[in-house]
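Below, subunit A partners subunit B and then partners subunit C, in two separate complexes.
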Partner chain A sequence: MSLNVAQRRLLQEYRSLTNNPPEGITAGPISEDDLLHWECLIQGPEGTPFEGGVFPAELKFPNDYPHMPPSMKFLGDVFHPNVYPSGLVCISILHPPGDDPNHYETASERWSPIQSVEKILLSVMSMLAEPNDESPANVEAAKMWRERRSEYETRVKVSVRASLGL
Partner chain B sequence: MAEEEINLPSLVIVLLITGLAVRYFFFSGNASSANRQPGGTGGASPEELQRRREREREAAVETIQQMFPQVDRRTILWDLQRHGGNLQATTERILAGRTETPPITFQPPPPPTSPETTATQQSAAAANKYAEKKAHPDLITRYNLKDKLASAPSDDAGAATAGAPKTGGWSSNREERQSLLQKRRDQMIIEARRKMEAKIAAEKAAAAASGAAGGNN
Partner chain C sequence: MEVFGDEAFNVPDSTDWLDTPLACLMPVEQAFRCHVCKDFYDSPMLTSCNHTFCSLCIRRCLSVDSKCPLCRATDQESKLRGNWALREAVEAFKDSRKALLEFARAPPTIQAAPPDLAGPSSPTKRKATEMEGAKEEDQETKRPRRSTRSTKTRASELTAAILQEEEDTTPTADPDYVDQPPDDGLVACPICLTRMKEQQVDRHLDTSCPGSPQPASKRRPTPAQTPQQPTFSSFNTRLTSQTTTQNQKPPERLPALAYSMLRDTALRKKLSELGLSTHGSRQLLEKRHKEWITLWNANCDSSRPKKRSELLRDLDEWERTVGNPGTAAGGGQQGLGLMARAQAAGAQIKDKEFDGKAWANRYGGSFGDLIKQARKGIKRQTLDGDGGENTGEGEGEKEKETETEKEDSTPAELPTPARREVESSAAPTPMDIVPPSSPPRHKQGRDAGTEHNGQAPGRDAIAEDTAMMGEQVIPGTPEKGQWETPQQQQQPPIAGDA
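And now, the complex of A and B:
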């Protein structure tokens, strides 16, 4: 089986993520038959309402990875200003390389081939801890987070428990 | 005689006027209500009709699918379309196993997910939590961990700590890698679940304690 650039790179990343897994992250292809489709688990960061939770997400890589970024989608309920109700994650590192036409993000914040799956997952973890409400993906969550923080936290905690079957 | 002759036409006129009045009342009532329905949706009555037909068709498909979950939507739609949308007849044909396979060229209209999802998205604002919770099974169900969770917790915890350094490595065997990854995933979820259980138990105990203390407040 000959692997193309994207597949080789992903296998290499899979390997390093397996040998040196970052705290609270498990990631890998769902099946090695398709290296462009991963599933990962992210632990909710401590000291946040997501604490104690484990959040499954899928990563879909384009054929021209690592030139273009993957897309990431949470597979469970993640009520967060930067996560669309569909679960799709919206953060700068997942945006295609180059300068943001709206000048919100600098090129260095966006995707580039020197980024990695590990960096994405760590960014998502810190996003869970610190939402960016400048361009919310989930307006309802952003509004609640801004205006009724305690209600937002309760809402998240309840869904974390439900996701663990409790 | 002359008086009677005058009376007759006037009677006719009176009857005519009442008749017209009654007709006007009834008809105008009907007409206005009939006009208003499509008018409310932008005055497009063919569209409204189309939508109504779609709704009827979807209802029929749903009814049939409830009875025969094994029959796919496309076959049902094909049969309904071929036989004038008669639900009864289609049901009978399915029962008798006389349904035809639709030709490849048959492109059934997509299930009404798009209008429904937009509708749910709108109502989701209100019932967001519940809708999403229903859509996503919890992790224990999702990863089929019920049995592992049921096994003795102390055993598992011991195995987890003992197995942790081992599962961290990269295996050259593809299947082994796959199963190690799965194991790590399962472990992560089971651990989270146990921790959360303990936390909830601790909270309950604390609540009970503060409840007892709160009696003094």
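And now, the complex of A and C:
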């Protein structure tokens, strides 16, 4: 089976992630039939209400990866200003290159082919720790985070415990 | 790597060095890898902002975004320059990588000495702690240090060897620059050093300059030029050993087109001049042309250019995956192999130059059988209701391959009106079947597309296309049968579904 650019690059990234795994992150293709569909696990960063949680997510890569970014979706419930209620993650690194029509982000924050799965997952980890409420994907979470921080933290902690089956 | 035991999936990576004593080679290897494809540099090119990428990678990036992926400085394809020294360094590293890695992974033989010493020394250590204390311990700490030092020396020896190899090959390009210009009344292009008449230089820079210094023998004089001076020949021989493709004329780079300035017909003409398919939407035509230019120009940068036919295959591959994502939409759900084959068949039939006659000859026999079987099935069906369905299923299995090659592989659910038609008429004429069934099949294609990832147009186009083909072919008598069959063919799956 010959591999195209996207598949080869993803395989390369998978090798690198297994040989040299970054802390708090596991990721890999679900099956070898489809290298464009990955599953990953992210640990909740320490010192945040997400601490102790493990969040499964799926990554879907386009055929022209790495020239276009993948999409990322949490598979469980994640109450966060930058995560849509559907689980879809909304951060600038996952947005295609070029300028944002809404002018929320500058081109420098957006996807570039030099980014990688590892960088995406690290960005998502830091996003969990520090939400960006400028362009919220979940308005309710953003409002709560801005106005009633302790209520937000309690709610997140409850859902993290629930997700762990505690 | 438990998921991918297969050799084909075993790609070399810089992290391979991590669990060896030569872990320090990881950053070295990383430096030889492109930031975009993460693979070893293939025809590395230098941008205006002094970053380096594979030729194909940076050309694709620039065609998407016109910016350097590393620093986001604006750049243009025409400003890219080959990074030849790096190309040689990468080649040398790639050549030596396997041996290096084997060496690094092999159980240490000479290095085994320090651990051996450490073995017997452990009782001494016990004694030491009991009796002599500090003195022995001092020796103890020295030993591991010695072993690490020897590893380091080895690593540096190897790196030195690599560097030596580079030195052996790199400076050969230099004599060009110190060479006395031959007295031929011509001037050298400031970039590629090709010699030409002075008034030609401007035009050459705008159009045909390959962008990097060309080895002398590559610099074929254009018809207007005088033949090369004999003084050049001595350098020719030396340079020939350096690059492998000296005897063939270097391919000319293709200029980018301002697509907004071109009409559809003009663009189609350009494509057919290049020998490419002129089929598809305007958007697809532009994408195809752009991709061809990218592939072609990147190939021009290569030290071992591919043949045109290989490039065409690359373009075809691109067309099936990236260029026409609608057809690939189902990839996530179905087996990759089957999808790829179905897509290949789709693209083949879609092609304007698709040779219907050859196809008919090749599959005429099986089509004939299919028609016979289908007719038999229908007759039996009308005779004893369910009886025909079993044989139908059998046919489906048998001719599955023909069907996949013919159509996309979505298990076709023939919409009910069409199905009734098939059942009711004992010997249906093609006109009976094809027209009523083709419009619903459109819809079906669209549905399947959206269901997978919302990119339907490509698949839709194929469906439309095949429907169109069907209509075009029906009037001709000999082809009748062939286009009748796929429709009938779809009966078995329904029988199964119903």
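Assorted remarks:
Please note the rule applied: the second predicted complex is superposed on the first by the 166 of 166 C-alpha atoms of A that agree within 3 Å, B and C clash if a C-alpha of one lies under 4 Å from a C-alpha of the other, contacts with A are read in each partner's own complex, and residues count from 1 in each chain.
Methods note: a contact is a pair of C-beta atoms (placed from the backbone, for glycine too) under 8 Å apart; a residue touches a chain by one contact, two chains touch by 3 or more.
The structure presented is a predicted model; accordingly, all values stated were derived computationally and were not measured.
Look at A:L166: by the touch rule set out above, it reaches subunit B but stays clear of subunit C.
Of the two partner chains, neither subunit B nor subunit C is touched by A:P22. Once the two complexes are laid over each other on the shared chain, residue contacts for A:G53 go to subunit B alone; subunit C is not touched. Judged by the touch definition given at the top, the superposed model places A:E32 against both subunit B and subunit C.
By the touch criterion defined above, A:V5 reaches subunit C but does not reach subunit B.
For the contact definition in use here, the residues of subunit A common to its subunit B contact set and its subunit C contact set are 15, 18-20, 28, 31-32. Interface of subunit A with subunit B (complex): residues 15, 18-21, 26, 28, 31-32, 39, 41, 43, 52-54, 56, 75-77, 79, 85, 140, 155, 158-166. Put simply, subunit A touches subunit C in their complex at residues 1, 3-6, 8-9, 11-16, 18-20, 28-29, 31-34, 36-37, 60, 62-64, 66-68, 97-98, 107-108, 112-114, 116.
If you check the complex, the residues on subunit B that touch subunit A are 121, 124-125, 128-129, 132-133, 135-136, 138-142, 168-170, 174, 177-178, 180-181, 184-185, 188-189, 192-193, 195-197, 199-200. Across the complex, subunit A is touched by residues 1, 3-4, 6, 8-9, 11, 13-16, 18-19, 35-39, 57, 60-61, 64-65, 67, 69-70, 72, 317, 321-322, 325, 328, 331-332, 335-337, 453 of subunit C.
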